[in-house]
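Same chain, two partners: subunit A is paired with subunit B first, then with subunit C.
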Partner chain A sequence: MSPRGRQVLLAEGLARQGHVAPAVEACYEALRLDEGDPLVHTLLSDLFLAGDFYDEAIAAASRAIELDADCAPAYLSLGLAYDRRGGMWDQSILVWHELAEVVPDLVTAHVQLGEAFAAAAFEEEAIEAWKKALELDAHEARAMYNLAVAALKKEGMATALPGFRKAGELDPSQDDFFFALAGVYDDGTPAPDPIDVPPDRDSRLAAAFALAFEEDFFSAVDLIRLILDDNPDDPEALALAGYLYLKQEAVNEAMAVALRALAVSTKTPTAVYVLGAAFAKRPGLNRNAARVFGALAKAVPNQPMPHVLLAESLLGLQRYGQAKQAYLRAVELDPTFVRARFGLAAVLLTEGEYALAHHEIRRAAYHDTRRQGLFWQLYDVYAEARE
Partner chain B sequence: MADDAAASLYQAFVNQDPAAAISVIERVKQSGVAQAKLFDQLFAPAMSLLGGAWASGAIDEYGFTQAAVVAEQITSFVTPPTTAQDTGVTILLGTMHRDLHSIDKDITAAALKEAGHRAIDLGEDVRPAEFLERAEETGARIVIVFAQMNSTALSVSRVREMFAAGGRDDLVLFVSGGPFAADVSLAKRVGANGVVRGAESALKLVAKVTGAAVPGAAR
Partner chain C sequence: MPTRKSGPRQPRQRIEREQATPASVPRRATAEAAAATAPAKALQRNPLFPVGVSLYPLDTETQGPDDWYERDLSEDLAALAEARCALVRIFVSWRVLEPQVGQYSEEALAKLASLVADARAKKMQTVVCLFADDRHADLTDVGWGKKRDPRTDSYLLQREVALAQKVVSHLRSDSGVFAWQLGNEAFLSGFESAEALEAWVNALREAIREIDPKRPIGLGADAETLYRATGVDATDVLAANEFAVSHLTAAYRAYAAEGPLTSGPSTYLDAFLLRNAHRGRPVLLDEVGVLALDHSAAEEAAYVRNVLWSGLMNRAAGVMLRRYRDMDTERREPYFLDPFETLVGVADSEGLPKPVFSEIARFVRTVARIDLKSHALIAERTAVVVPSERFDPLPSLAGLYDPRACLQAFIIAKQAHVPVTVVREDDDFGEYLVLVVPSAFKLRDETWERLGAFVQGGGTLLMSYGGGDAPAATRDLFGVEFLGDAGPRSRLSCRVAQADILGALESFDARFDVPNHALLSGGTATIVATDAKGSPLLTVNQVGQGRAVFVAVPLERAIAQGDPWATPRPVSHLAREVYGAVARGAGCGAPVLCRAPEVEVALFQGEADDVLVLLNHAPEKVDADLECDRRVASIADVRGGAPVAVGGKAFTVPLEANGATALRVTYA
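This part shows the complex of A and B:
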């Protein structure tokens, strides 16, 4: 391995661990050894972006592209830097176009292209780009959020709100929240085979949650039935049954078992969640949903999701000011929460605050690409291809 | 009474009898329960009974699904109406002549319509005379003019002049847009009665003028 290679690897390692300042130093050291390495300029640009040094990020990413026009991670950094710096929509549109050409199946490139078009007030082109993203991946939540924002701008909140909720369902964070309420987290252990589950309530319930987490709904339902055969008034088993019905779009069944669970015990947060989610799917029940999610937000005040669910119900009641407060609380609890950022953007649009709304959308874009680890995915593919 | 009615509704679900379910609902309504309370006082307890019956095995999965279908069929009888009742208040909205910004206006118009008002959107680039003509035609009492540029915001004074010339000083003129948000005195200078700062603000100002209820407020 050449000395240059070692230095680049050192910079990469530091950057991956989030040690920004030492990583920048390591990058400069690598550039002293070889100024013409696009990988190092790309790394530097991502590091500058992480520190909100947009002009420096733009310069570094531009240099990487000058050195190699196929450097996909540099386009990502450059586009994000243009978007976040603001006022550079023309350049931003060009960059996202380029990235979509270099990596045609990269869904995020189309989502970002749409956002750049929207910021430049090319609404129709933006909608086309988001539709293209959804063609590539029907579960692309951010494209759906953007389409909801576009619907808000044209037709108001009543038309947009189902879109926000649909996007929220595509976003895995809502399911994660349900499991977090039940104390179930992904610890890497696979769910057990239902045949091997000991015949006691706790083992069955734990296994049912694990199977539901892995989306093996039928096996989970079988275990729930065994629990309910022993005790039909088990609120946690009823709540999980409600969740499983919700996942199969059986809203009335979900509502029925959640209501039963809460009749047995009002202190079952998973049942509260299922009931609220069922109410939210019914037009005209926003007031009920707001009441339920309000109670949930009080029960688990440090979780951002119930504040967002509450906010969405308040949007349905035209209580935009209260919705804004709930969204702000969610963003405060988790600044990387994309759904909350888009919701906040929607409220800001109802207040005529376009610049602030677009700021929130840009922040959502940045955090979404970080969450996906998109830079490192593109970086690794690019680095491997060079070797 | 409520418990009996919920049990009857539950039985109608289980018997897959939507007509019986509707007759239970009608009976409860006639007993004085308001439409807004039907869901909480009747439908939710019946659904809870249904969930309990499924949990205990009193009804099987098929029966549960069929009962849920009946519940679906009669949901609209027990939920509050999805569209607000017509308030009878007509409001004209439009973006000022030479101004093509529409987003703020579109969102506000949609919010007013959702709240049951008769919001008439005149579009963008609306000449002052058109606001007066359409107010005469429609009988609107409230006009909201949107302007996002300083030049167009200043020219809103021509709308007020037009109203005065037409003998319609009674028309309530609200303005909306960045220049008015930035300089509160500007609204007064152009003869406006108030500044709309977004959709919820529009709902509140209209409620203030007409005495209508603000949407979402507890009833």
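This part shows the complex of A and C:
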């Protein structure tokens, strides 16, 4: 039992707020009080990692592990630092193995272990690790992307493409994009109860989108039905209906509804998206999907997702050069976009640019782990366990 | 034909060669004149830009320390001679040369001399490295040393002095020796203090100078990479030597510019280190080559091509490649990359040249066609200032952030095609017209005074906010009132208030993480651009004869710390425009306008013609649209071929992915 000192709490607070320099100073101050506190060394390692200072992160995380071999967040920092530092795959494999033992249900440890194996050219072991990750969490998009990349290396794009698509579906950002097109954002307000929704078209539509956003598809469908009963040619309601069909894997219905919406009004971006997504789900319709997503990318050029969707359709058409440009545009718009990074890696692999492809995969891993906030989850669990 | 071997030689009248009347150098050269001014016969190599390769003593991991240079190197030397390399580096093995205290192996000394003689016979000179660690041959691990540290142990230091004198006196009379190198970075990284390093260097230098007073002596360490590896600042020690070296280590690459070798920041890193090491002495761009076999042969070749041309364009005195033959390692994977291990060469372990070797030969042949006596690079009047806080230890993060921010500033200047170099905060600023201080947390008080005088005297200062409190000098120098640090932001917005003061700026909103944002209020400065809320983002203040430009965000650090491969286009455009406009306004802008930021441009000016060198830093083909300030009569590849008439100021040069070209330009 060793409660966190005030200085450690201060350092933690600063680090959580992203104030790297003051947090590092606070950590050093805490180390002056107690050099042997693994929490502080762990914090330091994450702060150094946030600044891409790998050697410093490795030193700090190693010290934390020396002080406490069960310090899971330090293993995470150490493994990430080794991976991103490059050329240290053997250490990286060991660290991810260790972390998987310390926290057996940590999916990311298995994903990272697979990536370290793959970087060291142990493809079979890598595939095993990613499969293990998917066993633990069937919605782990990065494991699926990696399996798709492995399939690409072994058997080519035709085999790999469904994997990329499946991974994309696991990635929640595609749904977010649909709702962004509809102007629906997570502002913390819960969706209304369908019974309380005023009986006018706008209120019903807004509520339907909000319910769909919260994945309460049946309630959303009820409201959409009411809107369409009043006006069967409401393009936005039709587009949302198409989206809901898509979520239920009713691709033909989604396609029909989206086409109907676009026949009523061509200026319905949500319907364009649904139509493209429906085309993309049907084998042999990549050309159609590419046209639709191309139009969408022109309509909303500053959103990365349509560029990625366009690129994926172009991959299906084996137009790798154009796909690369679309992926690059998406990465430029959002460097943290894991799906674009993996797609770009796939294109680079088809071009024989292995080093560049692995760089993209490393960057994807980097952004994915930061997005997950995994360090803080492990840190909090570890700190509470110590207390 | 009858002749005789001996006997008095009869005086003979020499046949007078018809002296070609020297072509008067045309002041207004034409396409024909371009052909006339090109060297009639190609030189084998350019004596002012030697290229060489290190020859390591072991070829395979199965060999032991006693197998030092066991294999006959004639084949390797012949291949290097054919590629017109001018230098080779060989490594002395203390262990082999002095097997017992004070007893030198005459056989080993003879082998060393024969290596130098072999190289000389093939018209190459040798750099002899006295105390190196190659991680395999235990070169400095003398059995009788009882594991004492040869860097600091006084007895071993005496023995090192004796060995150095023995080797130097043995080879002194051989004209094949080009220079003495005291150590390599792997060995020197064992020093724990600058004082110990200085004492070691002084002792060995004095020892060598007693015997060989003239030949250049170098240390073999890059101050920047050594500091990163050890925390030892060897700048002053290096300054005592006749030549410096700059080189990239695996650790430094991972720190400063990890990622692809053939695009983005890593393609500028060698040039940055070269400029950083260039402190008034010739700098050998050393240990060039890839560090691991992660890359394809084509990528290796593209990378080395990039570095070779970067060296030429950034005032290197020559280039040394890392290794000739690949080390034949034992089959084991995964393989830990020792930062100082040298495994990858320009030929495979059987001695078959890799594509990178052809690149070297092609580069040497091309550079041989550039007369570096009559053509000189335009002087760099823009300098990126490395703040002294860069040497502050942790917990100050300035030591970690600043080199990256400075590298990024260097890259932006290069992308704006501004001739640029790197100086330190305590260097003399007198020879520069523009100083760039990128994202520094703090400068010394006396530096602020010097910067004030610099601007008063007509210089231009471009500074970006680094975070924290702004010094009092900000108000006088930049003409703005500092109200505080708004902290990190995830978007950067720019609203242009005054067009064309600092280039063709455009308003934008971009997703771009900035760690700090200075809140400013107007003073005497002209506000060129603001953020979305109207707070000044970019200001210009006229001070005395000069100008002080302030950027309210740590732009360079933000680009470096973000994803330098995916910087939003508007942000990189803003940075390039500001750098370019500031240099242009100070009269030291791009000598040749180029519309492709990824193309580095260097202009070697001559009397009758200029040599324009272009290097594509992108892994894609680029058409470089160029515009000179004078009417160009013709351009021609320096390697020969018919000049192409231009007849205007603008022309386009297609460049392959990571390609480079050198063009002879004549003016109408």
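In this section, the second predicted complex is superposed on the first by the 383 of 387 C-alpha atoms of A that agree within 3 Å, B and C clash if a C-alpha of one lies under 4 Å from a C-alpha of the other, contacts with A are read in each partner's own complex, and residues count from 1 in each chain.
Assume a contact is a pair of C-beta atoms (placed from the backbone, for glycine too) under 8 Å apart; a residue touches a chain by one contact, two chains touch by 3 or more.
These numbers come from a predicted model, not from an experiment.
> Please work out whether A:Gly352 is in contact with subunit B alone, subunit C alone, both, or neither, and reply first, second, both or neither.
The answer is both, since A:Gly352 touches subunit B and subunit C.
> Once the structures are superposed on A, label A:Gly87 by its partner contacts, choosing first (subunit B), second (subunit C), both or neither.
It touches subunit C, and subunit B stays clear.
> Using the superposition on chain A described above, determine whether A:Gln372 touches subunit B (first), subunit C (second), both, or neither.
Neither partner.
> Figure out whether A:Leu314 sits in contact with subunit B (first) or subunit C (second), or with both, or with neither.
first
> Touch test for A:Lys153: subunit B only (first), subunit C only (second), both, or neither?
first
> Of the two partner chains, subunit B (first) and subunit C (second), which one does A:Leu259 touch, if any: first, second, both, or neither?
First partner only, subunit B.
> Once chain A of both complexes is superposed, is A:Gln248 in touch with subunit B (first), subunit C (second), both, or neither?
Neither subunit B nor subunit C is touched by A:Gln248.
> Under the stated touch criterion, which partner chain does A:Gly51 make contact with: subunit B (first), subunit C (second), both, or neither?
second
> Which parts of subunit A are touched by subunit B and by subunit C alike?
352-354
> Within their complex, state which residues of subunit A touch subunit C.
18-21, 24-25, 27-28, 51-56, 84-91, 93, 119-122, 331-335, 352-356, 358-359, 363
> Provide the residue numbers of subunit C that touch subunit A in the complex, in ascending order.
Touch list, subunit C to subunit A: 250-251, 254-255, 258-263, 291-292, 294-296, 299, 333-337, 394-395, 397, 400-401, 467, 487-488, 511, 515, 561-563, 565-566, 568-569, 619.
> Please give the residue numbers of subunit A that touch subunit B in the complex, ascending.
152-159, 228-229, 232-233, 238, 241, 250, 252-253, 255-263, 282-285, 287-288, 314, 317-321, 349-354
> Across the complex, what residues on subunit B touch subunit A?
39-40, 44-45, 47-52, 54-57, 64-65, 68-69, 71-72, 75, 79-82, 103-104, 106-107, 109-111, 113-115, 176-178, 181, 197-201, 203, 215-216
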